[in-house]
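Structure first, commentary second.
Letters A, B and C mark the chains in the order given here, with residues in each chain numbered from 1 onward.
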Amino acid sequence: MNSRSSHPPAEAPDAPAYRPPSDLPFFIALSVISGAYILLIVLLLVADTFYTSWGTIGQALCDPAVRYSIALSLISCSVTAVLSVCVAVPTGYLLSRHLAPASRDLSPRQAGFRRGALVGLNGIVDTILDIPIVLPPLVIGLSLLILFRFAPFRFIDRYVTYEVPAVILAQFMVACAFAVRTMRVTFDQISLRREQVALTLGCSRGQAFLHVVMPEARRGILAAGTLAWARALGEFGPILVFAGATRMRTEVLSTTVFLELSIGRLEVAVAVSLLMVVAALVVLVVTRLFGLRESFLKGMAL
Amino acid sequence: MAKWVLVALAVGVLAAAALLLLSVSARPRGGLLLYCAAGIQPPVKEIAAAYEKEHGVAVQVQYGGSGQLLSSIEIAKRGDLFLAGDNSYIEMARKKGLVGESIPLATMRPVILVGKGNPRKIRALEDLLRADVRVALANPDQAAIGRTVRELLRKAGTWDALEKHAAVLKPTVNDLANDVKVGSADAAIVWDATARQYPDLEMVRSELLDQATEQVTVGVLCASTQPAEALRFARYLGAADRGLPIFRKHGYEPAEGGGK
Amino acid sequence: MIAVQDLCVQAGAFSLADISFRVAPGHYAVLMGRTGGGKTVLVEAICGLRPIERGRVELKGREVTRLRPAERGIGYVPQDGALFLTMTVHEHLAFALRLRKMPAAAIARRVDELAEMLDLRPLLARWPHGLSGGETQRVALGRALAAQPGILCLDEPLNALDHETHAQMCVLLKRVCRQTGVTTLHVTHSMDEAQRLADRILVLERGTITEVPVAAPASPSGYEGGGGSRDMDAARPTA
């Protein structure tokens, strides 16, 4: 201790004072860019409201065809969302856990063919799952129509084509592709470690998936479901071609807009579009709140 | 645990609602399936309802763009009748062996459609070439009105000038009319029947344009499983005391005489 | 008892070849080595979480080389604990028991036992989100021990702990392992930890295992001296 007191440690010499550039321009740039985009979306809606009136909206709501259309839209979108999630969860899991990492773990020496095959398979499956997003919607509708000319689909053709199940199938084709992407990203982000621990504790792979991975993926599942729902609501092309736009039968809100536009009733078309926006807002807000409540209760970081 | 019960309940309710909807909408088969161009909804809807009341046969109408309907007919090989926006599609369908007998229903002539009050004071075709007039035209490769106008104006020698001056080419005649209504175009050349769907807007006739006519035609599909019934409805559509008055009421000029 | 013979594991561009060692029943073995030297890979291979090229793994006298992790009777505590984010501490402790469909009363009793042993009683209703480092490790340990496995594998469990918690955890680990009699394989890169806890110290260096006697004098490299033989049949050297 004596040596310490007699030689106080020398202080480092002063470095010249340095200030990085101001933060203000950075934040301004961020706000301006995102603000402009958000403003653009809001302005679109506001412009629409100027083109219609409460009277027209009320009129549209009184039309039985429009009411049927609203009901069918809500039901079919919800069914599509549920179906999409049911398909997207196992598909996303398979892609995330079994196709991608497996290709990483194989050594470069060991069986280069097997490694190449897995990487190739991963790429092919990825591309196939992206096809419904890439194809023009009308082509999807036509393709469905063509598909149902072949056996075994031909046998159920009369119950599907131009009927309500066609609406759901057409919506599902596109909505599910988005749901799979979301679920894949979700599963990618869930650490493998916890699953491995579950395996050592006595789980089979299925049990580890159910008890450990699924609860953690809840928010991702909710996101995938709402994305699928929103996509299904806005879907138009495949529905028009494969399910048709028959009033009081296969008419959904998006085809109602088309029908009204094609006879020049722009105000009604805009009114129905605004109804769609309201419906979508309600559903999205409700599911967001539901998801927030969950994570709040669990004390997880938002 | 309780959460899973809730989820199962919600799914169950959804499934029940879907089934209910399915059963309600699945009306008994035996009706006719009519593919109809979306722009001709108003009169067709009325005539179909009247037909059902009179003859007890339901007519299910499938709306869409004429071109898209044609593709659907070709692929699905289902349905009884095809009512296109203009005759060219019926001819195309006939060439593909999809349509048999056809009946003309209404005659249409091109007119100039302008905004309410005709603010740009457009009186003749030449006015369309003015610098202060935004003109929208139909794409000749996609809509019959486009083809008709192009043929007509080529003979008069003014097509190239107008095409160059046009602000935009739209795929269907309804798109053109909507453009004028919203105000993004000052004028467009559309069918008079289309123009009459827009009571707010005004029509300007021109002698040159009046020379071209187009027929709204209904064709009986070869794939129809009930050709006799389909033909009966087609005749009903074109009957001077049944369908034609309703067409006239909605602003269509009824065709002269029925037949091939 | 852990017995590994001629184990070869491939992990990306990295490989371990012909690893053999034995840990006698009830003993506490510490596995040391440089970061990135393959310690975690080795432990994963023993647990069955990584496919092996060649070799045998025997646990408690049974050959488990072809068995799934769930069938090997191992408790595994990975780095950072890896707690299940959507379960409370109580559910963690009960997890392995619920899987085995034990009656509720038996589960409650066992959870109580574990909570007592690891001082987790005040934490039973908490979520993993707010637990401190030491608490997390204790929960992970309790979860791993719940179904009374014969083998315990700990992968750098005391890494991120502060000095005091570290010391407490060392005492706890030693006590728990003596009490339950599990054969333990503890991975660490700290010689100090090894000296405190181990009955035997194994060093994994450049793909081979050597043994270092416990309470060897600390030399700069820390790993030299003692053993050099590859086959680790020797029992605990007398201190």
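Keep this in mind: contacts are C-beta pairs under 8 Å (C-beta built on N, C-alpha and C of every residue); 3 or more make two chains touch, one makes a residue touch a chain.
Everything quoted here is computed from the prediction, not taken from an experiment.
Participant: Determine, using the mean of C-alpha atoms as each chain's centre, which chain is farthest from chain C.
Facilitator: B
Participant: Taking the mean of all protein CA atoms as the centre, name the chain whose own CA mean is closest to it.
Facilitator: Measuring from the global C-alpha mean, the nearest chain centre belongs to A.
Participant: Using mean C-alpha positions as chain centres, tell me how far chain A is from chain C in Å, no decimals.
Facilitator: It comes to 41 Å between the two C-alpha centres.
Participant: So what's the Cα centroid distance for chain A and chain B, whole Å?
Facilitator: For chain A versus chain B, the centre distance works out to 36 Å.
Participant: As a quick test, compute the distance in whole Å between the mean CA positions of chain B and chain C.
Facilitator: 76
Participant: Quick check: in the complex, which residue numbers of chain B touch chain A?
Facilitator: Listed in rising order, the residues are 11, 14-15, 17-18, 21-22, 25-27, 29, 33, 38-39, 41-42, 45, 60-64, 68, 71-72, 75-78, 172, 174, 177-178, 181-182, 194, 197-198.
Participant: List the residues on chain C that touch chain A in their complex, please.
Facilitator: For chain C paired with chain A, touching residues are 10-13, 15, 44, 47-49, 68-70, 72, 74-76, 78, 80, 82-87, 95-96, 99-100, 127, 129-130, 143-144, 146-147.
Participant: How about chain A: which of its residues touch chain B in the complex?
Facilitator: Interface residues on chain A, with respect to chain B: 51, 71-72, 75-76, 78-79, 82, 138, 142, 145-146, 148-149, 158, 161-165, 168, 240-241, 244-250, 258-259, 261-264, 266.
Participant: For the complex, give me every residue of chain A touching chain C.
Facilitator: 104-108, 110, 191, 193-194, 196-204, 207, 211-212, 215-216, 218, 298-301
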